[in-house]
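Here is the structure we will look at, set down as structure tokens.
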Amino acid sequence: MSYGGNMNFSDHQIGIYAQGMFTDRTPKITTDLANLEDQAAATLSPEALGYIVASAGSGSTARANRAAFEQWRIAPRMLRGSAERDHSCTVLGTTMPAPLLIAPVGIQTLAHPEGELATVRAAAALGVPYIHSTQASHSFEQVAEAGGDAPRWYQLYWPTDQSVLLSFLQRAKNTGFTTLVLTLDTTLLGWRPADLNRGYLPFLANLGIENYLTDPAFLAGLDESVEANPVAAAMHWAQMFPNPGLSWSQLAFLRENWDGPIVLKGICTVGDARLAAEHGVDGIVVSNHGGRQIDGARASLDALPEIVDAVGDQLTVLFDSGVRTGADMAKALALGADAVLLGRPFLYGLALDGQAGVDHVLRCILAEFDLVTSLSGHTGAAELSRESVIRS
Amino acid sequence: MSYGGNMNFSDHQIGIYAQGMFTDRTPKITTDLANLEDQAAATLSPEALGYIVASAGSGSTARANRAAFEQWRIAPRMLRGSAERDHSCTVLGTTMPAPLLIAPVGIQTLAHPEGELATVRAAAALGVPYIHSTQASHSFEQVAEAGGDAPRWYQLYWPTDQSVLLSFLQRAKNTGFTTLVLTLDTTLLGWRPADLNRGYLPFLANLGIENYLTDPAFLAGLDESVEANPVAAAMHWAQMFPNPGLSWSQLAFLRENWDGPIVLKGICTVGDARLAAEHGVDGIVVSNHGGRQIDGARASLDALPEIVDAVGDQLTVLFDSGVRTGADMAKALALGADAVLLGRPFLYGLALDGQAGVDHVLRCILAEFDLVTSLSGHTGAAELSRESVIRS
Amino acid sequence: MSYGGNMNFSDHQIGIYAQGMFTDRTPKITTDLANLEDQAAATLSPEALGYIVASAGSGSTARANRAAFEQWRIAPRMLRGSAERDHSCTVLGTTMPAPLLIAPVGIQTLAHPEGELATVRAAAALGVPYIHSTQASHSFEQVAEAGGDAPRWYQLYWPTDQSVLLSFLQRAKNTGFTTLVLTLDTTLLGWRPADLNRGYLPFLANLGIENYLTDPAFLAGLDESVEANPVAAAMHWAQMFPNPGLSWSQLAFLRENWDGPIVLKGICTVGDARLAAEHGVDGIVVSNHGGRQIDGARASLDALPEIVDAVGDQLTVLFDSGVRTGADMAKALALGADAVLLGRPFLYGLALDGQAGVDHVLRCILAEFDLVTSLSGHTGAAELSRESVIRS
Amino acid sequence: MSYGGNMNFSDHQIGIYAQGMFTDRTPKITTDLANLEDQAAATLSPEALGYIVASAGSGSTARANRAAFEQWRIAPRMLRGSAERDHSCTVLGTTMPAPLLIAPVGIQTLAHPEGELATVRAAAALGVPYIHSTQASHSFEQVAEAGGDAPRWYQLYWPTDQSVLLSFLQRAKNTGFTTLVLTLDTTLLGWRPADLNRGYLPFLANLGIENYLTDPAFLAGLDESVEANPVAAAMHWAQMFPNPGLSWSQLAFLRENWDGPIVLKGICTVGDARLAAEHGVDGIVVSNHGGRQIDGARASLDALPEIVDAVGDQLTVLFDSGVRTGADMAKALALGADAVLLGRPFLYGLALDGQAGVDHVLRCILAEFDLVTSLSGHTGAAELSRESVIRS
């Protein structure tokens, strides 16, 4: 099955049925995307489980994200002739088979030893763009080699050390990352009880943040080698990561030092969306970081339609936080997102079966998305609109 | 107890009480219609349980169907003198003792070895119309023989092979099926994790779809007999079942090749209801296929009142998806449905006790319907109106 | 502690504390009125549990009754000086220490061998009016003797045999029942799965409906004595109990044959409340029979305020269905009820400890009512008004 | 880490991470503030659990308090440059590091042998004002000695014995309590089934209410010493505690006998807030006593915004009831509270680890508050406003 320009992802569904019937092979990972977490939870170490699955504070934001998806309902249209479907799109110059990208997630070796390499390989094979986290446990260069020619973006946590910032931008450019995604909502780490109760912060604990450990500017700030004094290296990182002073005025500096499109991730209000447009960025990600930063925050999906109304004609509007299924993806697109970032679900696939697991999850969500959009009367993602959904 | 034109279904209730008291015989199957599923679940094989009970994706649509019934509440009127009650009605030329039909369900042998034959016998005995699924595990001819003179409709999945389509229509006419119900919402099979996790698709697995296996046009498309090459037969079926290209313009062909009334099943929006009226069909079924096709879709009951307002004076409007009890049936009729199709509950009865189980479930739902409508001040189903319910 | 005209029921609370502290005696029955059911459930036989606790159909109406109470919230006022409180009132000529009556419940021997006799004794000791059910397991005469001079009303199920009707009315008058409560919502018995699944109907099973068995008109209709042919007696009863033909026009006959006030029980709509006023009755009970008759009906409390607005100036408006606590009682009164009928909770007390159990439950609900009304700024039940509550 | 005027409470978070990583020491008490109760429940005696955790009646008010927090959602703003943050404020002349005070809670020895002494020491060390309950198990003098120079307020239950009232006010002044908080909502004790079912009232049972037992005016009312006749002492207390006759006119007497600010605790309506302003008090606490007094009352948070709109320009408006996390604290402040009182959570800390436990809970809530406010775009508590939140 090829996922080219004009394809029916839902062939994957038929493949699963046929495989089970004729070879007695059933999928190793559940196809019930909403419950993937349960299966992954049995595999992950307590530390990984706490870091990946848990959210900020009482988990209220994460629950709100899911509840918001339940409130928007698909209103399917019949007999619209969707035999030929094409979900492909071009977002900020990047073409993809459907409006879906791999969200930036740090320290993926926590889920599986191959970490980001497995993820980028699975994504590349399907043409799904991969967004590389600053906190990744594999470096720009390693990921670029593993990912080959497939589209890759780079997510930036703005370090307070300007030499490291410039070095990161340069390395990302050198290794073929085309779009820059600046995360706004994590200038401090949120209050995460699952980690705190273990006194566990993966970045410090493992120091597996390879982008830094392979960075000349970062290493230049150390008195000793990382091997000789890992604690000093961890402390050095811990001093440059938090950046609560970050402000709109600094965006000009980023523009000067990055040639490609710039996207701001973590916008939750119309006010900030308008400021983003005024500051000349190319896109935004409506996101509350999957509920991992502020407890009690509004659902990301609740913010989406009003933000699209306000700036959708000026900015590319991406979305994440709470997407678990192909139907969720269809709802976010119907509410005006240009594309959707997928986070935890692919990590669960990674944890369960490495590259094959990520491949499984991506194929499942794309297949369900294809089925849902077709069955609701669309010949492609681009036809999804406000009329495709109704608020209950 | 006879269920003739003027009858009190609720005699069934007194019968149960009396039987228990004077003979110590209590009903084999629960009378708690909302929990029938729990009892059936203990009986069904895992495969049957997965196929029959589970829904599309996360089950969100199936839950929404139930939640919608909870929001509409009966507002009972007193002292209206309903000693004599008559719930009988004539829908598209078919007379029935109450506005209830057996919904089309495929592969009923999955629930019980006698499958559709048990169902049609139970329905016929009560005068409840039976709708025969294209995917049935018994053929038109077998069902016609078992059902005798009782009213029968035929549900069509439009095969992409026109010779098979025409053969189906002809056989249905020949065997006394009076009304044609074209299902619109299953041009592709929905994403159903319970089946996918088993790699299980009953149509292919058992190939027990007797309408095809007894069809000259279908068999003409095979190079070998089904016995000699069952896999080839299954693949042949699998190629003609999906029909996502189906469109409004094809309805004219159906009208040309069917003499009786035509009903479109799977309408969820006012827009499609209006198109149905414009295309000259006789009726529609407001339905989301019991939540089995699109995850996250709107509740079928939420769509009903606005559709009735829009086309109720032009089309017969039937309803299904989420009906479990006689009170549910009353609510759907109060919101404007001309009749209601009952799906899963009769299947649970079938699974638990074959023909007697279907009989039990039908008598229970009709008895409760009779009690609820009488106790709320109506002398028959026809008196149910918007004033009978209130939204909470 | 005396419950006279001017009293503080909440002394009961202090009594419980003091008893526990100084004598190590703690209450035998829980004081957690909302969970009384759980404690009673462990005591009741399966048949009694099914009959008393369970509701019609899926239990949706019973749940709606409780949910409606949760939506109305008390808005307490401070510093209003409520040291002296008086909750007493006179309803249809009957004076009571607080606007609370014992709801009519049949076959109370199912809960406790002493049945209605224990209930009426407990009620009489506190001055709480007792309403005698037509289906009681003790007769008018037995209850009158046990209840002494305390206020008693009579609840009528209108039998289709007029001689029995007239005999009932005459006996009720002779034995000091002052007000007649005609139940409208049970002209047929609702669909009650807990009973049906056992083939169990207490009226028939035990035939313990003493009002009939001691009635000359009823006995005159039998060919043999009850002892000689209990089945025939049961069948005779079963023929005269259902009365779905009952209509507004028959109320005139009742007025002719009853001297005291007449109350219609089971009103759930403004329309019927207006009809009640037009037909000249003295009062109504807004009630859905505790959710035991129609599944999926609107909450009784949801109907109350609009009915009070429509007829509150013409009719005495009583309320039942869903009251479990003193706070519930306060809410119903604030929404305009002149008094509240208490059903299941007193039965749970009866089941757990006979007369002492009913006494316990009544004292607890009155004590909590007194505390809630005082703490929210009222010097008596009469001060409760719409301003005492707010809808959330 | 110092909590001076300009500080980042969230350093505490980094401290926990670092401690876990470098010393393998993880926090003894959970950092999951919403679930602190579960951990404490395993430690508390049944009596303490019943008294501290349980609420009035069915617990409906306590649940409503929590649900109200879920409905208000933080709408975070990005890139506002919050590197330097200052949450300090001055409320009624008392300066504090953040708008948080220790709510008055009686009988704290029920949670831990050191009771109020441990609490006041932990609060004093952080500069968090401590409010001393009239029902405390340590006296004014003991608490003053333990608390040193740190800010302290005094909460008054107005005893019906005026000599005791005056003595309390005098002792509070003498020992450095600056602001008087008069509790309005507990003129009678609410209906608390958890205590009633045990016949347990801690004030009477232990008589550990040291403010009384060390009070000359109280002791003067006894015929014998407390040791000689503890029951008589308890009864004497029980006669002067309930004060349902308390009324607005008595406030003048309080003003005459107290020099500092006066705050009324337990306001839940705009009407009472306006009366408070008219009667010339300095502040109010919008509160329903944590749901411990009236079952079925409105959520305290639901009352807050309308009260702030009505009197926020005339009175200091404090808030309690339902606050569990730093995000909750941020929401209440955003809705207009000048400061928040923390109740049960500090008691859980006290129960789990004495002074260190209170310290842990305070640091956690302050750290989370700092993170949430910073991450949502504020440089201090004072910047929180209605625009910081949105109702879902």
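We just call them A, B, C and D in the order they show up, numbering each chain from 1.
The rule is simple: contacts are C-beta pairs under 8 Å (C-beta built on N, C-alpha and C of every residue); 3 or more make two chains touch, one makes a residue touch a chain.
None of the values given here were measured: they were computed from a predicted structure.
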For chain B and chain C, chains touching each: none
Copies chain B and chain A - interface residue numbers shared by over half, same or different: different
Farthest-lying chain, centroid of Cα atoms versus that of chain A: C
Distance between chain centroids, defined by C-alpha means - chain A, chain C (Å): 60
Approximate Å spacing (C-alpha centroids) for the pair chain C, chain D: 42
Numbers and ranges of chain B residues touching at least 2 other chains: none
Contact set on chain C toward chain D in their complex: 10, 13-14, 16-22, 24-27, 30-35, 69-70, 72-85, 324-328, 330-331, 367-368, 371-372, 374-376, 390, 392
Chain D - residues contacting chain C, complex: 57-58, 60, 64, 184-191, 193-201, 204-205, 231, 234, 238, 243-248, 250-251, 264, 266-269, 271-272, 275, 288, 293-299, 302-303
